[in-house]
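Please go over the structures that come below.
First chain A sits with chain B, and in the next complex the same chain sits with chain C.
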Partner chain A sequence: MRTRKQKTANIILAAVLFILSLFFLFPVIWMLANSFKTDAAITADMNTVKAFVPPALNGSFLNNYITIITDTSFLRYMVNTLFYAAIMILAGIVVNGLAGYALAKINFPFRERWVMIIMLLMVVPTETIITINFLFVAKMGLLNTVFGYVLPMIVNPFNIFLFRQVFVSLPDDVWEAAQLDHCSPFKYFFTMVLPMSKTVVATVSVFTFLNVWNDYLWPSLVFTSSDLLTAQIGLNSITSNDNTTMGQTLAVITMITIPVIIIYALFSKQIVEGVVSTGSKEG
Partner chain B sequence: MSFIELKHIDKQYAGADRKSVTDFNLEIKQGEFIAFVGPSGCGKSTTLRMIAGFEDITGGELFIDGKKMNETAPRDRGIAMVFQNYALYPHMTVEKNISYGLKNMKVSSGEIKKKVDWAVNILGLEEYRYRKPKNLSGGQRQRVALGRAIVKNQKVFLMDEPLSNLDAKLRVSMRNEISKLHRELGSTTIYVTHDQVEAMTMADRIVIMKDGVIQQVGKPMELYEHPANKFVAGFIGSPQMNFYDITLSGDTVTFRTGEKITVPESVISKLNGRQGEMILGIRGEDIKLDEQNLSVYGNEKQQAVVENTEVMGNENNLYFTFGGSPSVARVSKYEISKIGDRIEFILMPSRMHFFDKETEACYV
Partner chain C sequence: MKSKRSNSLMGMAFFGPALLLLTLFLFLPMLLTLIFSFTDYFALSPDLTHFVGLENFSKIFKDELFSSAFWNTVKFVLIIVPAQSLGALGLALLINKVTICKKYFKVAFFIPVVMSLAVVSNLWMQIYSPEGILNTMLSNIGINTQPFIHSADQALPSIAIMSVWQGVGYQMIIFLGGLQAINPALYEAAEMDHASGWQKFKDITLPELKPLCVFVFITITIGAFRMIVQPMVMTGGGPSHSTYTLVYDIYETGTVNWEIGLASAMAIVFTVFVVILTIIQTIMTKDKEGKHANKKTKNG
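== the complex of A and B ==
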């Protein structure tokens, strides 16, 4: 049973955490509140508490958002990004999952050395290999194609390592039982290994989504056609346009932030587990 | 004709300096229930896994139903296996666990339903049919593992310590269920266990192994009554057989601590003239404390002080030191002794075993 002293300590702790969280949240609240205002209202409220309060609900409440959706292609960019993320999640689970499984469960020469190499690759920043990737994709004639964007990003040492860490603890006798049940290795992987490792599949999916959603550099190199652009590039082009108002800028930032907040809120457990099992966070 | 034949089977793991299984020879008849027993690391599970195809055979030949199986994939050997840790598919219900193999074998859905119904019924799993393994007890999980094995109508059942994770009471009931299933299905079964009681109570024949080598193959009572060596004599039977270092001179046995007993000619004759230092073995139940035996063998009476007692309910175990060795006598529940009591007993001469001191092979 908790003592009175413990209860008081908990209340104080909760209060301190609440105040601290306000410090972290205030830019988000400010962004959200002002995304519904005209530029004149934003300027007028700038130095008052009203800067954190949304305007009254009226006919023009969603004007900034409506302008972004109707006058720009930002919604399309968001759909594009979701589509790329879906492809990357599916392909990434298959490719990185199979690689992780091989490193965890299949005996082959120098297996542990390969694991070391994969771990070393995790510390190589994307920026250092992006030129090679670009030249490779360009030589293959895949610039400005979905395939060219997705292909170099599927293999991910972080995800391979994450899968490997989880698969290594799967019991071997389940595979042996499955063999006696006439299950092929690939069928075993898709019908047994992945369902038995739902948490890591969810973790990898979340990280992949966040990677794709937040990626700016790679898509800006591969894509030139406006039909294929991603949300981050769209954000940049909209916010750097002189005709875009402050309110519209905040609306578009809100639109691009909301999916990330939702993902963090829904999958915080998986994100934490991913960080715990690999000791690092990607994306 | 033998149904499963293991000829000079060897197993040596890469990098190991000695073989895990050495020159394993065994013929198993169709429908037989064979138990592999031995202490941890004796090679019993390795042998079973070689039969299953999960371990490569380093040397020798394995035949199942007349076909050489050394290079055959596990799925094509016609075997079903029950694993120590059940190896159930955790994300599937009981029904799906049992039917998974049949689906992969392209059995018609009507036939699958019939077989799953039969297995679920025979194993008493009807009410757990749609539960996942995590919501089942150890005994229920083991029954699902059995169900998964029996529905496939395979020629051979392999069981790798299937009851070792269950509590004592459940183990007894599952033992009976497995024996009953074996009788009903008539399948050839190889059962690995480190528990000699399981082997004795279930198997038609027992294979006792030590350090990768077969020590003896025989029916349970053959092994109990006529052990091939001191290891078998000590491994089979609970409590363990008592062993004494003795010197045999004529018909007189002298214990290390000086006690002497006379052994009748009928026993001496079986030793074919062997004399000198050897090991005498006698089981706890063959050390008698009752009045009748004490009066018949009065001259051979020995004495010791009880150091510990185990009241088992149906019988008592009395622990004492005799002839320089720790000893145990298994007596009836009516023969009550307390710690510190001085007891008189006789070692039944006709029940004595004599082992070579060097090779530990059994003479009698």
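== the complex of A and C ==
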């Protein structure tokens, strides 16, 4: 009797949540469905349920996407961003990983104090120093260069801390054994430590990718007008163009979202763990 | 002796690259921000820089644009913080209870989190347009066309609601993690005492989640304080500066008008706010841990 009551309650709850999720996701559903339509069709469908349904598959189904790919440099901007993300992930793992290892395992002077400083740096809002960093990069003549964009972003106190937390619990006897084999510290780090810590490497890589892919303020300052634009900045120049139709705007923002959805689908476990860990660290 | 020296050498080799970059792009900028805030440094004529004491600070507190940016930011915080934290908690409680399609619900409410600020802003510009889908849906239930981001009265709440929509899934996941970490024995014990659902929530769930609530509250507050990209893309800070925020003011003063001295003073004021919030958070969570420890020793 009681379990049946619970079962109905559960079904009702799921139904309520499902309707809530449809309302919640209506902007995303609308974006996807209408990215395949002409502006006339978008307006015509607006007042019916068809506003949330993609058009029938026919020859012009992908027209908006084809226009974006052939008439704008958007594909190039996407490739640029992938390239920056790759550099940032590699450089970030080396710089922040090495630092995290030093703070976890190497007994160098003032180590504990550095750990404290890194933790304090995690709360510094980057917006406050973005002006000075922009001034630096401009003075060094690095505006509109990949170097100027990437260099100030490589070091990341949060990632250093994340690496340190994982490296602390690595067993010491592996390092002692490696020393007997005359393995250099750097070789040990890259051939033993990093492969032993695949989870944190994956978490840091995923978050670095999402940061680079979604970043707006910094690339909008460094890249003013050139072929080097990131997808987010290129997006703005496309949508603010008067010749761009509403359907094309929806197509371009769908294109820019596809990679992050793929990353999320593949690494949702790392992402959720990373998010939850920011909470449990404090709690 | 020898190993101590080799340790500090190795430490510097490992920590050095990060230290160099931290110095160049974090410590030095922080120091310069502090120094510049007491000068009238203008990036286009740096030779004419003077030490001006606290003049920048008195200037920004008298500046009408800065004070409206400040109050706009406070308004954003006052709408976003309660809506997003209660929304996240509510969703987490419901999804924690449901047993059918749990995975789908977790994904559905998290999707906007992975979308970028620029994408979400561009999408909602279409949603909020006078002939857009939202006005069409509203007209079906008898509500007149609303101007949303095109009016000084509605622009700020419209952007705030959009931000809540985008961010709520993040804190929902954090709360779900917290809910799953609560010891089920607590609920079993309560059930033996025939506690009602509300009593269980009030006496077990809420106290157990309290440290997490503080954390979520503060992170949402700091996030709302940092609002800039959404108004930048959607309204350019308008109409009539109604969505102009603190960080937007720092950004324009520094990188558009090149008044680095003034922008630095603003950045210092902004940082002080963020640091105060972080200190409050630390004290409140520490306090909780202290009480926990007391309870444990009493029970033991």
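Keep in mind that, in the parts below, the second predicted complex is superposed on the first by the 251 of 283 C-alpha atoms of A that agree within 3 Å, B and C clash if a C-alpha of one lies under 4 Å from a C-alpha of the other, contacts with A are read in each partner's own complex, and residues count from 1 in each chain.
We adopt the following convention: contacts are C-beta pairs under 8 Å (C-beta built on N, C-alpha and C of every residue); 3 or more make two chains touch, one makes a residue touch a chain.
Small disclaimer: the values here were computed from a predicted structure and weren't measured.
Q: Let's test your reading of the overlay: on chain A, do chain B and chain C clash or fit side by side?
A: They fit side by side.
Q: For A:M196, using the defined touch cut-off, is the partner it touches chain B, chain C, both, or neither? Pick first, second, both or neither.
A: The answer is first: A:M196 touches chain B but not chain C.
Q: Between chain B (first) and chain C (second), which, if any, makes contact with A:N241: first, second, both or neither?
A: A:N241 contacts neither chain B nor chain C.
Q: Is A:T224 touching anything from chain B or chain C once the two structures are fitted on A? First, second, both or neither.
A: neither
Q: Between chain B and chain C, which one contacts more residues of chain A in the superposed model?
A: In the superposed model, C touches more residues of chain A.
Q: Looking at A:C183 after the superposition, I want to know if it touches chain B, chain C, both of them or none. Which is it: first, second, both, neither?
A: Touch partner of A:C183: chain B, not chain C.
Q: Under the stated touch criterion, which partner chain does A:S60 make contact with: chain B (first), chain C (second), both, or neither?
A: neither
Q: For A:V174, decide between first (touching chain B), second (touching chain C), both and neither.
A: first
Q: I'd like to know which partner A:T8 touches here: chain B for first, chain C for second, both or neither.
A: neither
Q: Please indicate which partner A:N214 is in contact with in the superposed arrangement: first for chain B, second for chain C, both, or neither.
A: Touch status of A:N214: second partner only.
Q: Superposed on chain A, how close does chain B come to chain C by Cα atoms? Whole Å, please.
A: The answer is 6 Å, the least C-alpha separation in the overlay.
Q: Per the definitions at the top, what is the overlap between the chain A residues touching chain B and those touching chain C?
A: The overlap between the chain B and chain C interfaces on chain A is empty, containing no residue.
Q: For the complex, give me every residue of chain A touching chain C.
A: 10-11, 13-14, 16-18, 21, 24-28, 30-31, 43, 46-47, 51, 94-96, 98-99, 101-103, 106-109, 111, 114, 121, 123-125, 127-136, 151-152, 154-155, 157, 160, 185-186, 189, 210, 213-214, 216-217, 221, 232, 235-236, 239, 246, 249-250, 253, 256-257, 260-261, 263-264, 268, 271-272, 275-276, 278-280, 282-283
Q: Given the complex with chain B, which residues does chain A contribute to the contact?
A: Going through chain A, the ones touching chain B are 171, 173-174, 176-183, 187, 192, 195-196.
Q: Which part of chain C faces chain A closely enough to touch in the complex?
A: 7-8, 10-15, 17-19, 21-22, 24-26, 28-30, 32-33, 36, 43, 94-95, 97-101, 104-112, 114-119, 122-124, 126-127, 131, 133, 136, 140, 165, 170, 173-174, 176-178, 181, 211-212, 214-216, 219, 222, 225-226, 228-229, 233, 247, 250-251, 254-255, 260, 263-264, 267-268, 270-271, 274-275, 278, 281, 285
Q: Could you pull out which chain B residues touch chain A in their complex?
A: Of all residues in chain B, those touching chain A are 52, 54, 73-75, 79-81, 83-85, 87-91, 100-101, 104-105, 148, 152.
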